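For reference, the structures are reproduced in the following blocks.
Same chain, two partners: subunit A is paired with subunit B first, then with subunit C.
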Partner chain A sequence: MIPFIAKRTATLVAAVAVSSFAVFLIPYFTPGDPVRKIIRSRVAGDAVDNGSVQALGESLGLHDPLAVQYFRWLGDVLSGDMGLSYVSRTAVAGQVLPALTVTLSLVTMALGIAVAVSLPLGIIAGLRPGSAPDKTITAVTQALIAMPEYWVAPVLVLVFALKLSVLPSAGWTDLSSAVLPALTLALRPISYFTSAVRAGIIDAAAADHVPAARARGLSHAQSVLRHVIPNGLVPLSTLFAVWFAGLLGGSVIVEVIFAVPGMGRLLFDAVINSDIPVAQGGVVVVVALAVGVTTLADFVHRLLSPAVGGSLA
Partner chain B sequence: MRSFLRPPALIAAALTLALSGCGFSGTQTQAGQAAATADTNQRIVVDNFRAPVANWALESDAAYILSLSGCLETLTSYDQAAGKVIPMLATEWKQSSPVDWDFSIRQGVSFQDGTALTAESVAAALNHVLDAKVPARAFNRTMISNVTAVDGQTVRVSTPAENPLVPYRLASVNTGILAPAAYKDGAVDPFGHCTGPFTPVSEKAKQSLTLDRNEHYWGGDVQLAGAEVRFITNGATRAAQVQTGEADISLSIPVSSLSTLKSAPDVTVLGADSPRTATLYMNNGRAPLDNVDVRKAIRDSLDLDALAASVYEGAALPATGPFAPSEPWAGEKSEEQKQDLDEARKLLASAGYTADRPLEIIAIVERAEFADVAAVIQENLKNIGIPVTIQSKEYAAAEPDVLAGNYDMLLSQRNRLIDIADPIGFLTADYTCAGTYNLSHFCDPEYDRTITEAAKTVDTGRRYELYAKAGKILKEQAVNAWLVNEQATDAARTNVLSYVQDPLSRYVLTAKTAKSGS
Partner chain C sequence: MTKSASLVLDGLEVSLAPASATGPSAAGAHSGPPLLSGVSLSVDPGEFVALVGSSGSGKTLTAMSSLRLLPPQLGITGGSIRLGGLDLTRATEPELNAVRGGRLGMLFQQPKRMFNPNRTIGHHLKEPLRLHAGLRGRKARAKALELLDEVGFADPAKGVRAYPHQLSGGMAQRAMTALALAGQPDILLADEPTSALDKVLERQVLQLLDRERRERGLGVLYITHNIASVASYADRVLVMNAGSIVEAGPASELLTRPSTAYAQQLLAAARLAPESRRRPPSTEREVLILDGVGKRFGPRRRKTGHTALEDVSLTLKRGEILGVLGQSGSGKSTLARTIVGLDAASTGTITRQLGEAGTGEATAVQLVFQEPHGAFDPRMTLRTSLHAPLRKRPGLSPQQRDARIGAVMDEVELDGSLLDKRPGQCSGGQLQRATIARALLLEPQVLICDEATSALDALTQRTILGLLLRLQREHDLSLIVISHDMDVVRYMCDRVAVLLHGRVIEVAETGEFFAAPRHPHSQALVSAAIPCRTDGLWTVLDVAKPARAQSAVVPNVMAGRFPGPTPGRS
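Let's turn to the complex of A and B:
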């Protein structure tokens, strides 16, 4: 247990350090002057006064060597201060935490929908591999992978907001406003989850202990409920964690289309505007959460999976 | 989307077009329902295309949001229809010396926190903007030296040199006046500190600003109970919201949504010339584009009608020069630039251009349509024997080379009135020899003399004549190829009353803006 936690903590620290440094370097390794980008994010327009560029660069410490800037930020973070946004001059934490709350809600809803849909579909398909329902489910869920979010989202708006007038087209006000973005985000996980559950069920059904259970007198339904389905769902825990981690910062298209003030939009805007403290603060939080969630999933997987024998070493 | 249209939608669209005058030109007013009466209990929802990013700092574009929301007011305002500066929080102004302008502050005005608007509070607010780290384009220490309260009723704005445009500068939203209590701890707090018809009461970060009616507004009864201004950066979403009725007014509708909205029931589409012209910038400082005949040949080869009809789907008009025809400084009505391939080939031959010097167009990716525009231009230039390659780049990536003169042609567009409602800043920065944003690397002494004279000319009519003369020089020299005049397009529900479209989206909610109950 302790070596497992220690190993994962080291992973977390390394991941945060590498990703925050990579984010820190983005404005310097993409074309254009970072200070001009910051100014343009405050005042739309192309012509930027050179005096303003110089003065703002000085006041933000952007003329210091990169290593100095990075370690200054790192020191502040270690003392619990994520600093001020270059663009708004407000606390980074005050921007990151509300956005994170929104994204956590959205991602939880999306993956909740995905699990609710993919569990029955995957089980039906896995229990009768090669049957007509299996082929239909596989074909439909595979098709979902090919539907990009920027296409799905307007179609859902067209149907549910414009045609049926049952859901709002955008915004983040109440539960109803979360339905379309969550549904859009859920489509691809539905496909992957269904596929994983199906494969898990097929593997579990083929395991030696299932005929043994039948030999002990369990009915087919009982053996499926006690041995096939629980073991078949183990791979889903890891996949769920991977998607959860990925969507924390990766739902930018959906957040823009549906005007959701989440982490994806925050990080995207921060990178575009060279708002390094917000980008770094956001990435640190997302990476930490992602590592935390995948660690938890590994933990659960190791406890449940017969293949790794419940080992946490 | 079209599959959902019903016949009444088409009738409504026809009525809409009839009401809105069909074409695009100057500012348009939401005709609304002539017989409908305002229901003063109604609230309104406006979808705006940008969100405040700088914590309401007035020197930033956040000032636009406060102004369009009916919160922030300035000493003067710009009457788009009349083309002149009119009183707002100042009742009158005069140039008391060549470098001083005195503004008389309107009496009886209170901030929304109950404190009185005074000359001292105005001077303090303006000095706060002057002292910003990233100064406002319209109002900074390069053109304003000081702001002082002369007496309880008069504010003096002093300039380093004679400057006839100070009243225009004080119409800029960046010079909005807030109560002294709004400025604390280096930040700006507009809540309860404006003078306008609407008081901001709550904000959902990056989502919306909610406002209530200012019951004590100095400018008369406010016709709406309140408003919500939403920050919706995606154009298609803004269009969808006005179509569903979730929004009453949606600003800056993208071209791709126009046909749907024009056919939608209960929606009026309003259009006006924007101060933006899509332009093919040409590097006048480098061969072969340093030869005016080559530039003219390029201009003559372009089929602007086809460009406007195809890429812009008719939502932009072919340009006739550096200004939109409806602008008061556009001068005599110019004829449209017609494609003349024979003349273009002749000019090219006389300039000695040969195809072994291909040209490159940089199309900035921030404007998605420029990729298609570049392709059309590439085809047009091929017809006269100029091989063209196209590079798609982010503007920030292209800027260093463009400013340094290491490029051939750039597809971009500029807002001529980005700082004040007068093109002097644009004409100076973009085309004078010492211009700080002279992408064309154009330099002409006569042009510079004209602009220098205009910058000192108080008489508006005379100044506009000089701008027209400057525009004529740019056109004669074919400095750039001006392609299409872009349109500012808003959409409003038909029960919105007295909405006057502002192409720059400075003034959206006013005391007169109203909604009928139906």
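Let's turn to the complex of A and C:
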């Protein structure tokens, strides 16, 4: 296990390093001169004289070799300095952190709902494949995939906010305002989690060691509780991590529709406004978190299923 | 514990049944011929009964019926199963759960697949201890350690913490045995518990069961397709064919004078007499020379690597059959892969002197794999699989390829209609012939058979060995026969090489080797195989009884910790 952790941590660092370098290069591939943008964002007028461009470029170290610039930038990011937004002229970190908190709560709630719903559904379906409950559950969860968020969200708003008036339609104030966005965001994970749990349970139930457990005197229910369900849920840990990582920056639609001030929203606005520092800072944070979460899921998966990847250690 | 009970099956019939049919009350609604019919047998406490028959004869079905653990599409449609005073065919689920793993234990084939891969051995052991002995917590742990110690774990505390994948095949089977004994069974159903093990391990497991039989009156129903392993342990033998018991009797009588044709066939297959006279290799020309071949896996410099082969020097003459013996993990398969070129040797050289140039150097050495079902892509028809190697030969039209495939199919005596089937639709014997056919496609000069028959039952094994010998004669092939089965090697080979921990410890002519093995490890290997017979005769039967009653301790070649009786030798 120790060499495995070391190896995985090394890949984690490498992945973050490579992606951060890609993020660092963004200004070089976007149209327009960043120096002019910076000056434009700090002075009122549109006219920028070449002398100040030259001077600012000099003071920012833009004439240094690329590697030097990269490590200077990386050091700044690691110490929490992600620069100033072109648009708001405030520190990027001050925008990213609150947005990240919001998104983390939203995604946690959404995936919490998804797990709570899909575990029982997947187990019921997987234990009796082909039965009427299985067919119903499979049909309904498959149908969820076909419902896009931009369609589900207004419907939910229509019903719960406008018709029943029990939940707010937008904003991010208290828990009640989080319900509709979380629910919307949970729909597709519910569908994927349910089918993963169902498949995992069917696989686990077909394993030879299950009748072997019955031959030791375990009742059917005991063998299911001790050997089928725990084994069948192992694949979910990986899928959960993939979704968690994906939704960190990928909940844009929901955040925009419900006016949730999260990461998706922040990145969306940054791109629309060509606010490169915010986009850079936001992406780096999201990537680092996503890689961290999937690595953590690998550890968990290995703890749950020690025979997997035995050759790695 | 109450008085020990006998297991009695009386006229048991099992058929395909509608899902609702459970128990004999539902009889009559079934369709098709019964899978088991009129199976009657009894196992008393302290008795060792062998149930033999080729694969598919219904042996496992009999055991699973006794536990009432049939797949839902099968049902018991007649007869009765009694354990002591309890009629298992009429017992309730709670009664059955108390019996399963309690008074009626089961030992499975392929132990590794019978453990939950995500749970430790200790976790498994706690289940029967809680269910049948009422032990929990610290007491259960103490008992688990005791059980593992009993079955020969050198370090029981480590064994309790181990996950199934961390155990070798032999250790896994011992752990499975401990698991089956945890509920203090009166009767143990042992379903081919040794067929995945080499001869030395096989003997250790059988001795373990025999000791339980002696010491606490365990009744054993030993199910096997290997009749040779039966002779020294069984009191009675039952022969099963096509779902019925065709012959039964005391071991000494049945094994020496089988009366039914089927039992005679089984016995003949088990008795691989050395090929009376193979003609000696046609020339002294050496086709393959291995000089100081070594193979290391893992990091080069660090200690974590694993040396699979070390300084192996061997030669193979044209037309010669060389046997490579060794226990599981001794490097046999690595040697095969290295010679064929699937793995590159880390040190040393392998020289091929194939003579008349032109017969594509790379394909002149071919490998016949161990697991026929694993050696074919399950989604391809055999025809597609057999076409693949011929693409190596440019300039062959599809018609010529088909003709070549037809020719090798004839050679291995397979019907051409099989070509359009997928591996899942073929029997193990058919597939093993197909793997040989595939190896022959490119007209090899050297054929390496890596445990080519160990997954097959005795009858099929014999026909495949016969086929290999005929092909060898007709094509003047050189064969390397890799096996842990002494009988196969003795039957086939001109010379024998023994591997131990990746080193060749002995090379000798077959006759010489079996008469007087020099290295202590070779002696252990040969003696582990011998107790069943010498020279194809069941002479050892005369001493079988005293042999197993002795309790002298044989030094163990593996872990050095496995006490058991000395094999009888006449």
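Following the convention adopted for this analysis, the second predicted complex is superposed on the first by the 229 of 313 C-alpha atoms of A that agree within 3 Å, B and C clash if a C-alpha of one lies under 4 Å from a C-alpha of the other, contacts with A are read in each partner's own complex, and residues count from 1 in each chain.
Please note the rule applied: a contact is a pair of C-beta atoms (placed from the backbone, for glycine too) under 8 Å apart; a residue touches a chain by one contact, two chains touch by 3 or more.
Because the structure is a prediction, the values reported are computed rather than measured.
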- Query: Of the two partner chains, subunit B (first) and subunit C (second), which one does A:Gly246 touch, if any: first, second, both, or neither?
  - Reply: neither
- Task: Examine A:Leu304 and indicate which partner it touches, taking first as subunit B and second as subunit C; both and neither are also allowed.
- Result: second
- Query: Is A:Ser219 in contact with subunit B, with subunit C, with both, or with neither (first, second, both, neither)?
  - Reply: second
- Task: Please work out whether A:Asn231 is in contact with subunit B alone, subunit C alone, both, or neither, and reply first, second, both or neither.
- Result: second
- In this superposition, the partner of subunit A with more touched residues, subunit B or subunit C, is B
- Message: For A:Pro211, using the defined touch cut-off, is the partner it touches subunit B, subunit C, both, or neither? Pick first, second, both or neither.
- Response: second
- Counting only touches as set out at the top, which of subunit B and subunit C does A:Ala55 meet: first, second, both, neither? first
- Message: On the A-aligned overlay, A:Gly83 touches which partner chain: subunit B = first, subunit C = second, or both, or neither?
- Response: neither
- Going through subunit A, the residues touched by subunit B and also by subunit C turn out to be none
- Of all residues in subunit A, those that touch subunit B in their complex: 30-33, 36-37, 39-47, 49-50, 52, 55-56, 59, 87-90, 95, 98-99, 154, 157-158, 161-163, 165, 168-172, 256-259, 261, 265-266, 269, 273
- Query: Across the complex, what residues on subunit A touch subunit C?
  - Reply: 207-209, 211-220, 226-227, 230-231, 234, 304-307, 310
- Message: Help me check something: in the complex, which residues belonging to subunit C touch subunit A?
- Response: 64, 67, 69, 93-94, 97-102, 105-106, 108, 110, 113-119, 124, 127-128, 131-132, 163-165, 179, 182-183
- Message: List the residues on subunit B that touch subunit A in their complex, please.
- Response: 1, 4, 50, 53-55, 57, 59-61, 133-137, 142, 186-187, 204-208, 230-234, 236-237, 240-241, 243-244, 246, 393-400, 412, 414-415, 418, 429-430, 436-437
